[in-house]
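Pasting the structures in now, so scroll down.
Each of the next two complexes has chain A plus one more chain, namely chain B in the first and chain C in the second.
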Partner chain A sequence: MSDVLTIENLNYKRNLKVILHDVNLTLAQGKIVGLLGENGAGKTTLMRLITGSAKGSGHIAVRDLEKTVDRKRHVSFSEQLKGFADGTRIDRVVDYYRLVYPDFDGQRFEELVTFLQIDTSLKLSALSKGMKEKVVIALTLSRQVDLYLLDEPFSGIDSMSRKRIISSIIKWKPDDATMVISDHYVTEIAPILDDVVIVKDQTVAIHQAADDIRDEYGIGIEAFYESLYEGGVKHD
Partner chain B sequence: MTNLWSAIKAMSGSRFRQMNQILLIDLIAIAVTTLWTAVTGHFADVTILSSVSGWAFVTTAVSFVMLAVASERAFTSDSLRLIPLSDGKFYFANLVASFGQLLYVWVAQAILGAIGLLFAWGTITRELRGIWSWNAGLQTPGDLFQTGATLLILAFMIWLVIWSTISLAHLVTNVITRFLPRFRQQVVSFVLYVAIIWVTIRLVSFVGGLVQKFSSLLIGQQDLGQLWIAILSLAIISALEIAANLFMLKKWVETVH
Partner chain C sequence: MKFDDKVPIYYQIKNQLYHEMITGELEPGDKLPAVRQLAVDMTVNVNTIQRALGEMITEGVIESQRGKGNFVTMDHERITQLKEELITEQLERVYQQLHALDLSDEDIIASLEHFIKQRGEQHV
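Here is the complex of A and B:
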């Protein structure tokens, strides 16, 4: 199985504050990866560095391609909706996607819209938080890429919407693509994760297969994650 | 990879809608002014033309500012910066999208002006006849075309320098604030904006003056030659600024999170 993402010696500083320090990470293709960490740990920053939205030092390669423009071509990031005016209608955003992303699959988007029960005639300002997340998921998953980055897709939304989003992830993630889901609530995504990456103390503290964590420590992903922050789990 | 034309179209969409809103307000303002003039009993054949030309300044100024804001926001917007496009192509697409819309507003203003001119034709031709007869024989149609084309290129270069200077001020401020502590960042940003705009204006006038001084030594004092020297100076300034903007865009400018 080849690697879809390789990060070496990545450092990022902003406003004289170190956000990420000496990050090294390699992700294999076809996985669902949970990017876990408390608020402000640097999960979003790490995703933004992968897409080139943030500028750090070090090496980032997606499918062995380091140039930012090549990385953007292979990555679909859930932040793509940021920048649209609130008064923009969803179908206009979809037209925009069709125009700028040659890998946008209209058929897949229609299927996701039906599954997630999205009304595309609405304006962005008329959407509830849960509905907005569904739109983001539908748009992000409608691109045919190697790496999907979903930044906290479940924050502040009801359990029904959460379950639907999780189902859509399982159903529409291409088998050979890798998906990174960042969150600090672990319970609901834990069962679908293949790998767990924990960001702590400005770096990737742990990268391990979810099954290995369960076998090695005899506890669930959530308990493992919490005990790591409480100092209960020691890891090299 | 995203096609360059698709990127230009994508960037033009919201700007086109904005420009249409401004033009609609412009039309309403012209109609109200003309009607008011008629109601007060002062309507003449030049009324529409003076309304159009009076509001044209406001419309072009507002559209210029709105387009500059849209253009600068593009550099820090995730929805645009995530498009798989190299920084050079992104910058070019952003520039073309804004210039296209500015041209659209100017053409719309020219059409409105032409309509106003139709109503005022009698008065205008009487006034122009005197000026035309006074100027007759000074320039051939060929000379007029050449002068007109040179002036249009000069106008475009002036726009390009203003546009790249705005971007330079914005991007330098963006980059500097990234390396400053969060404390009182807004105050520092404001001071920086003022300082950078001042420094940039000084720099542009210094470089422009320098180039003009050297080139006037090389070329004679012909009027059209002077215009081409000015065009060349502006082209050098804008090329330098665009190179600096592209460098910052590639190395440091991040999207607003």
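Here is the complex of A and C:
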């Protein structure tokens, strides 16, 4: 199976402070990967380094492409609609996506809008937290790329929205594409994960298949993650 | 479907499908839903469904027909055998645990009979 993402010896500092060091990570195609770690562990930074929005030292390749412009074309990152004014209507945001991303698939977006029950005539300011997250997911998944990065898509939203979003991920993730979902609370996404990547002590501490963790340790993903932070599970 | 996060998900999917075959919810020759549909129904990953089905195909419980999908085996004997395997697996677990409590085989049979009798009275 070919790899979608390769990271070698990645280091990143901000204001002389080490945020990430010696990160090595390879993700195969077609996976759903949980990126876990405490708040401030560097999950979002790692995603921004992958897209090229942040610059570190070392190598990052998406589908063997290292240049930032090339990488950006192959990665869809769930930016939180921050660049848009509150009064912007959703359909105007969609127009922008169509214009900027040639791989934006309008039909996929329509399907996702129907499934997630989004009213695209609403302004961003009128959206609840759950609805806003659904819009972000619909926009992110409507691009046809090799790598999807979802940054904490479930934080602070109601369980019905969460379930819908999880179903939409299963339905619309292309077979060959890989998706990274960051979260600091893993229980509800645990059943849909192929792999678990844990960021701890400014680096990737663990990368293992979810079912292998259950097999090997006989504990759940949440318990495994917690025990790692408490130093309970031995790992060489 | 609710999963026990401590147990590999592919294993739980297999058990769920075995269960449906043994109870007749899925009959011999029945077509299984498409892989992605099963993934959506069970809220799991497509790859995990594929792993579960792959193992069941190897076990001869499911037959894959090129371009048509996956079907429950028409081999009734295989289903009967599957039921026996699951019964043995459950009994093995109970037997081991009772044995570990220092019960002899006779004790185990007696307590099982007692348990069933008592349970039957409670449920009348």
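As a convention for this text, the second predicted complex is superposed on the first by the 235 of 236 C-alpha atoms of A that agree within 3 Å, B and C clash if a C-alpha of one lies under 4 Å from a C-alpha of the other, contacts with A are read in each partner's own complex, and residues count from 1 in each chain.
Heads up, the rule we're going with is that contacts are C-beta pairs under 8 Å (C-beta built on N, C-alpha and C of every residue); 3 or more make two chains touch, one makes a residue touch a chain.
This one's a predicted model, so the numbers in the text were calculated from it and none came from an experiment.
In the overlay built on the shared chain, the residue A:101 is in contact with chain B alone; chain C does not reach it. When the two complexes are overlaid on their common chain A, residue A:222 makes contact with chain C while staying clear of chain B. In the superposition on chain A, A:51 makes contact with chain B only, while chain C stays out of contact range. Judged by the touch definition given at the top, the superposed model places A:190 against chain C, while chain B stays out of reach. Once the two complexes are overlaid on the shared chain, A:31 sits against chain C while remaining clear of chain B. In the superposition on chain A, contact of A:160 is made with neither chain B nor chain C. Those residues of chain A that touch chain C in the shared complex are 30-32, 163, 166-167, 170-171, 173, 175, 187, 190-194, 210-211, 214-215, 218-223.
Listing the residues of chain B that touch chain A in their complex gives 1-3, 6-7, 9-10, 13-14, 73, 77-87, 178-182, 185, 250-257. On the side of chain C, the complex with chain A involves touching residues 3-11, 36, 39-40, 43-48, 51. Only residues 14-17, 44, 48, 51-55, 68-70, 72-73, 77, 79-85, 88, 92, 96, 99-102 of chain A touch chain B when the two sit together in their complex.
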